[in-house]
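In the two complexes that follow, chain A is the common piece, with chain B as its partner first and chain C second.
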Partner chain A sequence: MEDLRVYFFTSRGISRAVDGVSFHVGEGETLGVVGESGCGKSVTALGILRLVPAPGRVVGGRVFLEGEDITKVSEAHIRHIRGAKISMILQDPMTSLNPVFSIGSQVGESITIHQGLKGRTLLKRVIEMLKLVRIPAAESRITDYPHQMSGGMRQRVAGAIGISCEPRVLICDEPTTALDVTIQAQYLELLKEVQERTGVALIFITHDMGIIARMCDRVVVMYAGRVVETGSVRDVFLDANQPYTISLLKCLPRLEGVAHLESIEGQPPDPHTFPPACRFAPRCPKVQPVCNEVYPEMVKVKEGHMAACYFPGDWHRDK
Partner chain B sequence: MGRYIMGRAVQGLTSMFLVTIFVFGIVRLSGDPLQMLLPEEAPPEQYAEMKKLLYLDKPIVVQYWKWISRVVRGDLGTSTKLRIPVMELIGERLPNTLQLAAVAFAFTLTLGLAVGVYAAAWRGSVVDYVARGFAVMGQAAPSFWSGIIFILIFAVYLRWLPAGGKGGLSSIILPAFTLGWLPVAGVMRMTRSSMLEVLNSEYIKLARIKGVRETLVLWKHGFKNAALPVLTYTALIFIAMINGSVIIETVFAWPGIGRLVLEAVLNRDFPIVQAVVLMFSTWYILGNLFIDIGYAYLNPRIRY
Partner chain C sequence: MTSSDGVLLSVRGLKKYFPVVKGVMFKHLLGNVQAVDDINFTVREGQTFGLVGESGCGKTTVSRLILMIEKPTEGVIEFEGKDINKLQGAGLLEYRKRVQPVFQDPYSSLSPRMQVWEIVTEPVIVTEKLNTAKAKERAAQLMETVGLSPYMIDRYPHQFSGGQRQRVAIARALSSNPKFLVLDEPVSALDVSIRAQIMNLLKDLQKQFGLTLFIIAHDLGVVRYMSETICVMYLGHIVEMGPSEKVYSKPLHPYTQALLSSALPYHPDAEKKKLIISGEIPSPLNPPLGCRFHTRCPHVMPHCSGERPVLKEVEPEHYVACYLY
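For the complex of A and B:
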């Protein structure tokens, strides 16, 4: 994905919710996308699928799937990609399933749309999918309705819907925030397993650095609609170079130092009135005059590790 | 589901029973029922005959029992003015009213639902604005007034449609449209707002993510949810149409039950009024029953 831009044309002006985001994810890889609430993670995900709600619009950028730029293809074509090649699990299992259809029909729907299965073969596939996400007694649960299931079960069903057509890319938009910790751990485990079996590329959206550390190979840190740092999880965690990433890591509770738990000063900027240059500058503890002039380009810290900061690392090291 | 239907049926029967008590009681509450059931100039022998027919010398429970068993068999008494059995009069007029109501109802549902769904899907478009304007007018204009205006425009000036009476197919258009306008407006507005809420939901987003076609997103995933509250509202449409028919049939000289009952009220023809009240109530209770069952069928959270 290159330079994706999604703007909302609201009555208050243009809201540049996603403003030039680039990243890539390979087969069998897990990419974490992390950032504060409102930084544009979900909008990025919907932008990939071209499903940004009005008044929003993808205004620029290219998204390549297996070499094809899907921002240019026809509406009918992208519909064949949605659910089949790129799929998504939404945040809230309580509201993301349709209350008036049985879970069997909801899991089966995309299989019918994209693979044309019907009747008994479809039923078999649906049961197989529900078993894959470890729904107990899957055979008897396909006629159940969402309200008859717990949140954890529903999120598994949502997971089954996501993987039902064996997509190449599965976007998980904070799929576990609504679940309690034990269920959350089980669910993450499950996603990993599915990935091993199908080789799906996972894009894992979260604001939980802990989950990133546990789940992901690489990470993209977003701030105010832009990527501020990206690299392997190991590099970013051990040698964060952008002040926002560093602050974010400090917010992580640690076993040895819970007392030092910090939060980042100030509020993220309103996407209608982003600062012209570095968007983190108003909150940055090490801000320099240049930071308020031009937006810093991404600089290479080492192979595969980039940060958008004029003083990458300096800040970190003199601390 | 079976138990639910049974329960609702029992409730329906209870309501029915209360209605019959009411209709039965109202004649007796207001003093001598014979004075109400017979014209003022009735001869004494008719008076005596009626008294025997109604078992007025027997205890009230027996009177009710005798009356209700006649009603159940379809004997609703005789018009005091026209001297024709009420059942016959109703049988003659009912098809006309049903025809009018059916056309108005079909018009209400198709137009109200379809326009409501698309007004929501294309919010802020021309369709949306026209639909909302149409709805506001429908809800603001009283039907006797809009009826007269339609007659003026389409019958008097343009001469496209007949002004009243029941003739060919064209004669039903104006009355049905007038009768349906208010409910269309209601259904449209409710469908629109209900649909707007549904379209904002996560499960609609998920349907699109799955690659479902937009038409199916609207009608399968969206409409089935949005229709639930609207369906209940159709119960109110029944009342609106029943109440409305009295006025509309008068404005358009439509020979239905509404006009029959209006004439009966003016003539103090009590058996007719009684029978029609009983019939409208039954109609309403049955309508509600079907709606509840339909609602349960659509909404799995009730079904189980």
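For the complex of A and C:
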């Protein structure tokens, strides 16, 4: 994905929700996209699938899937890609499943559309999918409706729908936010297992640093519609170079307990009035005059580790 | 202050059952959701008491009972030595002033049609009969206390961000000079960077005003950071209670162990703890007999499904309800 831009044209002006985001994900790899609410991470996901709701529009950038630019293909063609090659698990299993269809028919829907399976073969395939996501007694539960299942089970069904056509890329938008911690841990294990078995590339969109640390190979940190740092999870967590990432990691309440948490003062900027300069500058503890002039380009910290800052790392080492 | 050991709030044998009724014309009782089933704890003055558990474990019901939004089915809640459900008249008004809530979602807990000064001073407009000028003055002071500009008092809630709204909610809680704040998931609706701000604000205010805090959260890190005493609930029962360092460093109950092992550490090299819990939370309508955790417990023994284990003091101040100890 290169330089994706999604703008919302509202009565208050143009809201630049996603403003030039680039990243890539390889086969069998897990990429984490992390950031606070309003930073554009969910809109990025919708942008990839070309599902941005009006008044939003993808205004620039290209998304390549196996070498094909899917921002250019026809609407009919992208419908073949959605669900079959790229699919998505949404945050809330209470609302993402249709309450008036049985889970069997919901899982089967995209299999019928993309692979043309019907009757017995379809039934067999649906049961197989439900077993893959560890739904106990899958044979008898396919006639159940979503309200008969618990939150964790529903999210598994959503997962089964996501992987039903063996996509190459699975986008998980806050897949466990609605789940309890013990259920969340089970679900994350399950996704890893599915990935090992199918080789699907996972894109995890979350605000939870714990999920990133546990699940992902690489991470993209977003702030106010732009990528501020990217690299392997180890590099970013242990040697963060961009002040936002550094502060974000410091303000997490840890289980081991700390005497005092550092906090980031101020609020994220309004997407209608993003400054042309570094968007974190107003809250940055290490701000310099140049930060308020031009947006910093991504600079290479080391192989595969980039940060958008004029003074990468400085502050971290001072501490 | 009544008791010499500084106990501000004490809860004894507290039960809350919600009846589940089926039918419109011919109503019949299906059973009771045992949201809170016979729990005991005490909160000392100036302390921060943290209550953790997964959704449906009854932690919010406990807070609603303390706030007198619900009446207990059985049991006693004593504040400064008096049973709150027997308070009347001036005594009740005083209790309402002393105990104030802060709710989870600052988007729905603030009325969108009221200006901030009205929201903030609402608790005292009733009790102290302030006029508009006085109330505005008071609101401005309170806004400053919680780190907001006093010039914002004429604004409406939609003009504030989530973190600012939660500050407004805290200002409202502080307006009647309370002693005891009941915070139900005070930071879970907020972003990570704002969370730390609010938690630090609460800690500062506690020092400044000598508040006692009762915090409910599902985020173990948040409870660890905020509280001295922590109490773990599972399906309406207290399974473990003790000083937070002890509970976190040496969890005794298998459920607490499972809960802590499910939490994800913020470190890429952290050893991946083995999952020691499977299955889902049983329905509180028909909870398992005996120890309610026995259906998911890795150390389950035959008598776990018999009698309910009682809270036992295993170490000083560290209580656990489990037959392993």
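In this text, the second predicted complex is superposed on the first by the 312 of 319 C-alpha atoms of A that agree within 3 Å, B and C clash if a C-alpha of one lies under 4 Å from a C-alpha of the other, contacts with A are read in each partner's own complex, and residues count from 1 in each chain.
One rule holds for everything that comes next: a contact is a pair of C-beta atoms (placed from the backbone, for glycine too) under 8 Å apart; a residue touches a chain by one contact, two chains touch by 3 or more.
Worth saying up front: this structure is predicted, and the values here are computed from it rather than measured.
Engineer: For the overlay on chain A, clash or fit between chain B and chain C?
Structural biologist: Partners fit side by side after overlay.
Engineer: Pick one for A:90: touches chain B only (first), chain C only (second), both, or neither.
Structural biologist: A:90 sits against chain B, while chain C stays out of touch.
Engineer: Which partner, chain B or chain C, touches the larger number of chain A residues?
Structural biologist: Of chain B and chain C, more residues of chain A lie in contact with C.
Engineer: With both structures superposed on the shared chain, find the angle between the C-alpha centres of chain B and chain C as seen from the C-alpha centre of chain A, to the nearest 10 degrees.
Structural biologist: 80
Engineer: For A:10 in the superposed arrangement: first (chain B), second (chain C), both or neither?
Structural biologist: After superposing on A, A:10 lies clear of both chain B and chain C.
Engineer: In the overlaid three-chain picture, which partner chain does A:140 touch, first (chain B) or second (chain C), both, or neither?
Structural biologist: Neither: A:140 stays clear of chain B and chain C.
Engineer: A:211 contacts which: chain B (first), chain C (second), both, neither?
Structural biologist: second
Engineer: Once chain A of both complexes is superposed, is A:121 in touch with chain B (first), chain C (second), both, or neither?
Structural biologist: In the superposition, A:121 touches no partner, neither chain B nor chain C.
Engineer: With both complexes overlaid on chain A, does A:264 touch chain B (first), chain C (second), both or neither?
Structural biologist: So A:264 only meets chain C here.
Engineer: How many Å separate the nearest C-alpha atoms of chain B and chain C in the overlaid structures?
Structural biologist: When the complexes share the chain A frame, the smallest chain B-chain C C-alpha distance is 11 Å.
Engineer: Once the two structures are fitted together, what part of chain A is touched by chain B and by chain C alike?
Structural biologist: Shared contact residues on chain A (touching chain B in one complex, chain C in the other): none at all.
Engineer: Taking the touch rule as given, give the residues of chain A at its contact with chain C in the complex, in rising order.
Structural biologist: 36-37, 150, 152-153, 180-186, 189, 207-211, 213-214, 233-234, 237-238, 247-249, 251-258, 260-265, 267-268
Engineer: If we count contacts the way the header does, which residues on chain C are in touch with chain A in the complex?
Structural biologist: 54-55, 161, 163-164, 191-197, 199-200, 218-222, 224-225, 244-245, 248, 258-270, 272, 275, 277-278, 280-281
Engineer: Show me the residue ranges of chain B that touch chain A in the complex, using the header's touch definition.
Structural biologist: 201-203, 205-213, 221, 224-225, 298-301, 304
Engineer: Give every residue of chain A touching chain B within the complex, in rising order.
Structural biologist: Residues in contact with chain B: 46, 49, 51, 79-84, 87-88, 90-92, 95-102, 109-110, 113-114, 145, 147-148, 158, 161.
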